[in-house]
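Presented sequentially are two complexes of chain A, the first with chain B as partner and the second with chain C.
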Partner chain A sequence: MIEDNDIILKQAARVLTPFILIYGIYITFHGHLTPGGGFSGGTVIASSLILNRISSGNRGSGPEIDRMMGIASIALVCYGLIKAMGTFFPDFTHRVLPRGIPGDLLSGGAILPLNIAVGFVVACVMYIFFCLIGEEA
Partner chain B sequence: MKRITVGLLLGAMLVVLLSTVSEMPQFGSPSNPTHNYVSSRYVGKSALETGAVNVVTGIILDYRAFDTFGEATVIFVAALAVVSVLARGGLSGD
Partner chain C sequence: MSVLFEVSLLTFLIVCAIMVAFIKDMMAAIVIFASYSLVMAMLWQMLDAPDIAITEAAVGAGLTTILFIGAIKKTGRAKK
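After this line comes the complex of A and B, so read on.
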């Protein structure tokens, strides 16, 4: 349990957390351009959330876990729906999500939304793992 | 007698395995059976067919996207199992 006088830890974590979060979002969004993608980006996002949690003290985690499970399930269903749409209606999907110029950020068809969905699932699941296991200890 | 039989069987198996290893294709040789039309199509046409510059992402999220769907489902089910075992406050009371 973090005491109230750990001001250095709290301020350092407060400065670092948004940068780690932005880096995770960058990895997730550039999955089709650079090494990375939903899995690694989601893990970095979860590490920023975990840093925020362990530096600001151990709060109760019941509603947070509920919300995270909801987000992960919605992201998983979205992944399945997007991929099913791309499989069964390829022409419509190519009009909505064009393949674009290789190298652009908005290119690659359905790869970018799928990466974002995977990133949501991985980030939420990692955060849930840390919440539950840290709670037990 | 039993030991001799076991030793003979193990020796025979050793001979079979070592002869198989000596017959294996050389590592990195261009005529290996793994270098077939699948890998040449992935390497040559991935950027055209998927629009992704990163070939690995093109494979795991376009050619084999349902495999990645299964991986994400495995992670999610693992989270469900951990929550059902460890959660005290969340997901059970309300």
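After this line comes the complex of A and C, so read on.
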């Protein structure tokens, strides 16, 4: 997809990728305080991963897709377990995951773990979509 | 001033939406669609919906464009 001598694109992508990744993680972790959340942060994380993949010219996709699928499945199971725990045992959930002071990062009970799980699922699934569409037929 | 800015953004949005349907080159259509998403994100922000604006900017202008480009790379660029 990208030739080896495309040095401007490669270096620009190498500089930009960590900042986009940090921004996505920020949106995901502050989902209960500021606008955003798991879905928005996950798409930003996925776009940084896709930028890294495009700029590095990496085309092998077999084991990577399997690993991403595993991460997405584990995150989805974690989401379901946390959600079920919060629904059926609310007292126990509030003791394990306290509500905290409004405005703190570690507050809001189960919302922060749920946002992180959704972020993992969305990032991995978007990356898998791109791998499946972008691979050479 | 703000009303004028909003009206110009909305006009640009409508023109983009019509152009996407009528343009022949698929790559140009994708670029116009990405600019449509960007203007739509600015309008969401002006309508006090910042989380929708973030999602629109990330999904509409970023991932949809990448997926469309991957799709026309496999199917061909010109229409008919």
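Here is the rule we go by: the second predicted complex is superposed on the first by the 134 of 137 C-alpha atoms of A that agree within 3 Å, B and C clash if a C-alpha of one lies under 4 Å from a C-alpha of the other, contacts with A are read in each partner's own complex, and residues count from 1 in each chain.
Basically, contacts are C-beta pairs under 8 Å (C-beta built on N, C-alpha and C of every residue); 3 or more make two chains touch, one makes a residue touch a chain.
Everything quoted here is computed from the prediction, not taken from an experiment.
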Combined model on chain A: chain C and chain B, fit or clash: fit
First (chain B), second (chain C), both or neither touched by A:H32: first
Chain B versus chain C as contact partner of A:I133, first or second or both or neither: both
First (chain B), second (chain C), both or neither touched by A:I50: second
Which superposed partner A:S107 touches (first chain B, second chain C, both, neither): first
First (chain B), second (chain C), both or neither touched by A:M69: first
Chain B versus chain C as contact partner of A:I8, first or second or both or neither: neither
Between chain B and chain C, more extensive residue contact with chain A: B
Nearest-approach distance, in Å, of chain C Cα atoms to those of chain B in the combined model: 9
On chain A, the residue positions that both chain B and chain C contact, one per complex: 35, 37, 129, 133
Chain A-facing residues of chain C, complex: 50-51, 53-55, 58-59, 62-63, 66-67, 70-71, 73-74
Chain B residues within the chain A interface of the complex: 47-48, 50-54, 56-58, 60-62, 65-66, 68-69, 72-73, 75-76, 78-80, 82-83, 86-91, 93-94
Parts of chain A lying in touch with chain B, wherever the complex brings them together: 31-35, 37-38, 60-66, 69, 72-73, 76, 79-80, 83, 86, 99-100, 102-103, 107-111, 114-115, 117-118, 121-122, 124-125, 128-129, 132-133, 135-136
List of chain A residues in touch with chain C within their complex: 27, 35-37, 39-40, 43-44, 46-47, 50, 126, 129-130, 133-134, 137
